[in-house]
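Which chain is which? They are A, B, C and D, in the order written, and residues in each are numbered from 1.
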Amino acid sequence: MFNSFGQYFRFTTFGESHGPGIGVVVDGVPAGLPLEVEELTTALLRRRPGQSIYTTSRKEEDSPEILSGWKNGITLGSPLTVWVKNKDVRSSDYDALEKLYRPSHADYTYQQKYGIRDAAGGGRASARETIGRVVAGVVAQKWIQQEYPVNVWGWVSSVGEISLPEDYIPKQWSDIESSPIRCPEAEISRKMEELILSAKEKGDTVGGCISGYIEGVPVGWGEPMYMKIQALLGYALLSIPAVKGIEFGSGFSGSQMKGSQHNDIFYTDDKGKIRTQTNHSGGIQGGITNGEPIVFRIAFKPVSTILSAQETVSLEGEKVEMKAKGRHDPCVLPRAVPIVEAMTWCVLADLRVLASQRFLVEKGNS
Amino acid sequence: MFNSFGQYFRFTTFGESHGPGIGVVVDGVPAGLPLEVEELTTALLRRRPGQSIYTTSRKEEDSPEILSGWKNGITLGSPLTVWVKNKDVRSSDYDALEKLYRPSHADYTYQQKYGIRDAAGGGRASARETIGRVVAGVVAQKWIQQEYPVNVWGWVSSVGEISLPEDYIPKQWSDIESSPIRCPEAEISRKMEELILSAKEKGDTVGGCISGYIEGVPVGWGEPMYMKIQALLGYALLSIPAVKGIEFGSGFSGSQMKGSQHNDIFYTDDKGKIRTQTNHSGGIQGGITNGEPIVFRIAFKPVSTILSAQETVSLEGEKVEMKAKGRHDPCVLPRAVPIVEAMTWCVLADLRVLASQRFLVEKGNS
Amino acid sequence: MFNSFGQYFRFTTFGESHGPGIGVVVDGVPAGLPLEVEELTTALLRRRPGQSIYTTSRKEEDSPEILSGWKNGITLGSPLTVWVKNKDVRSSDYDALEKLYRPSHADYTYQQKYGIRDAAGGGRASARETIGRVVAGVVAQKWIQQEYPVNVWGWVSSVGEISLPEDYIPKQWSDIESSPIRCPEAEISRKMEELILSAKEKGDTVGGCISGYIEGVPVGWGEPMYMKIQALLGYALLSIPAVKGIEFGSGFSGSQMKGSQHNDIFYTDDKGKIRTQTNHSGGIQGGITNGEPIVFRIAFKPVSTILSAQETVSLEGEKVEMKAKGRHDPCVLPRAVPIVEAMTWCVLADLRVLASQRFLVEKGNS
Amino acid sequence: MFNSFGQYFRFTTFGESHGPGIGVVVDGVPAGLPLEVEELTTALLRRRPGQSIYTTSRKEEDSPEILSGWKNGITLGSPLTVWVKNKDVRSSDYDALEKLYRPSHADYTYQQKYGIRDAAGGGRASARETIGRVVAGVVAQKWIQQEYPVNVWGWVSSVGEISLPEDYIPKQWSDIESSPIRCPEAEISRKMEELILSAKEKGDTVGGCISGYIEGVPVGWGEPMYMKIQALLGYALLSIPAVKGIEFGSGFSGSQMKGSQHNDIFYTDDKGKIRTQTNHSGGIQGGITNGEPIVFRIAFKPVSTILSAQETVSLEGEKVEMKAKGRHDPCVLPRAVPIVEAMTWCVLADLRVLASQRFLVEKGNS
């Protein structure tokens, strides 16, 4: 419940950053879905620490092991469990941190809530938990793509103040992975890289935004009241560590517009399909997909663990100065792209079940 | 499920805009909570249509009737049901709309999803559904305030391009209700009023932002993984019609900052309480409340039903020109404030249950 | 949650026995399902009090009113709400009961749990709450029967010590309704009627069993672990007031058998369908339907409110003698048959959603 | 969801009988609960195969390994994961079974549902899945017993036609474990042992009943409508493989009684506590605990896998004769006792959360 996501396609993550490993149980997976361990490995590589100089230097091979629900390249319909051992654990880096609260980190709230915390690597608060999300996302994606021509893309659209234009869409999807920080415009990417490296050198960190783009979702997904697709995506994406905001379509900018400017005018395209001329709605009307691409943008705060000196308080509330050690990301954005995509796939897998159920008894003009 | 909100404190809304009425069942209400019908009436007055020239002229007295769960001023512990009859129904205004899809409205997606739609008043897609949310919010608020010194405030922080400063907090809470559009700064409020009236005259509509502020929530509410307090609030608030974005604390602006700027430095105040010097985190760290005020901002798109001429397509996909009739809000922001507050209270009521459960077995320093 | 049943096809009941009325919200109903108020009225007639001398003399017309989710004979896909006003309320019958705890009634547990109880008619503990179940059952049945050749039958198989043979199946389904107490064997029915009347004359009550029979459910419904079909039916049927036991197939008798006797031998029938020679499994193997009829039997305790003198304690714990007034059933079995059927339909409607989802990716030999 | 149990204290099991192992994730465990691996080992020993000549000869050490949520003898508040490797796997025993459907086994229904089945050891349908339940039960028990003087006892009350009296309660709880088959009456136990051995010699199996007894639950646990304690226990216990029936208190026998006989008369004991003279209600009134012991009885069908020759059909539906190999229990009852107890603890842990929440605002006489 507290560690599970989804209602029909449901995954549960477990494991602490500096414990034996990280795992996930994915329930609701159909039988007979082809799945290779290599697919999981490849997906995990994209979120892996140590993949470039722009990320933490913690070295984890992140080799997934399938514990259940799978045999000879095929899912069995039983819960699929994947386990990734922690290897490069250096808990000693954290010894000094046990006596104080790192600013803007979950140290204080965990300690207050549980009376206990596993300081090493942040325990559950660590980004290592997201391994489970990425694994679940692979399965969700495979399941959906067997039936629907859906695709999900995420990219880094801003780092600090360096930003792509608000309505930017990549020219080619492959441009995203060409950039070490997953910004599809080479020039902008380079500026972002510089900014990250410059922050890193100062022991500082930097925030930014990720944009998401979902294409191919049929009209009619999402439920009109409390399972609006934007609410479900919002819930999913706001559960990613460091996310502080989300907007759909025109979002905050759209709130400055007039209705006459903002409305997406319908037209019928040359294939006879009803489309809209603009997409301020971000593919969603009344909580339900309208067949246009679903677009959103997510704000990540800068990583709170910085390596320069900071003031804070000890467990006893006394003023102390601290300087973090450990290996941390100067910017999580590049590694967060696959996590954003994975959570999006999981929302879609969950909605897919409802989408096929709430059909009308005698279908009208759809 | 599709029309229910909450897990422990759960409400279910029902009723169509132009059907017999709108209702809500609130489950999980304790026995013995004092509640008067007048309290519901007062709360509904704040979201009522026709309350000022800035809102729709539809006249609904919105007189709540308690159907169950209550006797002689006290709740019984059984489901509390409240029913509000629709009175000022003019379905004829909608006749012309049955043959076409209003731009950026849920007409098209509902028709595609259900093969049927109750065009009059938008059926379920109408804002009248939010009556149920406001009723549930009253109960949630009363329940929480019996034990916790919590308060929730919402105000209009922008209309179109007219905006309060990003980090603005009202000087006095009573200033909010002094403004007909619930903007606590008189000068700014007047500009917003002008903007709304000017849009209204042109048959146009205008969007804006609502800010939310929660004070008094104890440290430790929210669950660290998939029930982070920002994820639950995001889910709740993104389910309000016309909401297109949400941000917590520094939000999108914060994504442009460095970690060294953004981190909220801890200190111990003169009562010995651990506090933070700034509140970029918006009162939340690791998905859990840290005792500082929880702050958020929500973007509303402009109302899609405008009264000026627009192009669109008919049910058959043919290009047509339309001009909406009916009584609509030129700006939903003023009436949306109590809805934002109500959903916030309901999230808190739900979390309250968990908050009291996940305590550690032997409590440490909390 | 506490007053809701079902996950996908979910209904929520509300209302107290001696309050304004009883209602139900059914969520998850598809759009376009034909439904007439008369169908609800007819179904409620079967559970109605005062339908024969074997039931309570409380007179309720039980006229259902549809408050939402329906227009012109068709469901809208939005929550369907049905409301039945209480009419023949005589709370004064209950005045004396407010000061004591009726033996084996929920008086004591409610008082302890809620510190409050609506003594009149037992408040929520009254069988009037089952009106909502019957309404939900009508919708569930209609939805399922639009696609599947499923039928559900319940009948009274024992009253006191008068019992049909354990493996009895009615010769004709219409025989059930021919009996005023819904026992399909005329001779046995008469003996049961005599027993009920004899108990009634003495101010006493009598228990009994209801048998259930579901035909036409396809192979493969039910989930193998924690949504086994027997677990879901058990959960549903044990929630009916006065039910104290349930068994499936051979049930308790089967626990006395050897595996070699109990096993249901497979064979292929002349249409090439795999069947079993016996049905000790009651249509379920490993929690999943095997295509044979699902059979179960439910034990009801005798009604606890008897009209003869009984010893008990007052609210203060002092020994008192009581003699109940009010109008009560000498035997609930006849009126409980439609409730058993309704809950069964609701379980099937819920399972139907999953049944269509958990198919394998490439279907084998099914 | 399909493989999860519980709403607040929730566990999810995973793993196949002849795969790498069996695991469980327990979510909702508080931080700071003392827990030693030895406690898990001891609990698993009670359900372990090969513990006596009355059970399967499959030899599994069932050594539990804690993968997450635990450090140095204490739970962390994060999900607790326990993993037990499968060791004595002899899949070859099952080769012949892949081509046919064992009578009354889940072979046929799984094949039809999933189009695939892991014949070896029955895959998920194997009793090995219950390892996870036993582990969750240990945690649930420890958590509850930290605050409440609750205890749960199960014993074998019948094997085949050999039965303890219906209202039998053990004289001493320790008598249960003194018997190799967990029947607390030495004489009856011996007769049961003989019956099991005699069945085993013939390659046959035998069913029976387990009785359950819960003491110390406070008044007021359970929710009056759809979370009645008997419904929740029924749901939990009917999910155990081979269970075909359950009854509470007087159960099926009680259905033959008159109200005047069956009612449990209240009295005030010498400590001033309100009690009942009899306990036909089995500790439950209106779905809520009344402070008396909760008593129930569960029927298990005989194990379907017998070692003598049986007729059945092949995958193609052709008549074949089969003779099972593999190591199977002649009677599951002795090993099922700890599973019944574990599921009961888990229901209580789940209810405990609600029990503490639904208190009235101002408590009355409790």
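Here is the rule we go by: a residue touches a chain if its C-beta (ideal position, glycine included) is under 8 Å from a C-beta of that chain, and two chains touch if they have at least 3 such contacts.
All values derive from a computational prediction rather than experimental measurement.
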Query: Pick from B-C, A-B or C-D: which pair repeats the contacts of A-D, with over half of them the same residue pairs?
result: B-C
Message: By mean C-alpha position, what chain is farthest away from subunit A?
response: C
Subunit C-subunit D separation of Cα centroids, rounded to whole Å: 26
- prompt: Quick one: subunit A and subunit C, Cα centre-to-centre, how many Å?
  reply: 46
- prompt: Which residue numbers or ranges of subunit B touch two or more of the other chains?
  reply: 1-4, 8, 13, 28, 31-32, 77-78, 113-116, 124, 224, 358, 360, 362, 364
Message: Under the stated contact criterion, what part of subunit D meets subunit A in this complex?
response: 1-4, 7-8, 10, 12-16, 19-21, 23, 25, 27-28, 31-32, 67-69, 71, 74, 76-81, 83, 113-116, 118, 123-124
Task: Enumerate the contact residues on subunit C facing subunit D in the complex.
output: 1-5, 13, 101, 103-106, 108-116, 124-125, 129, 158, 160-161, 199, 202, 204-209, 219-220, 223-228, 230-232, 234-236, 238-239, 241, 243-252, 254-268, 272, 274, 276, 280-282, 285-290, 299-306, 308, 310-313, 315, 317-319, 354, 358-360, 362-366
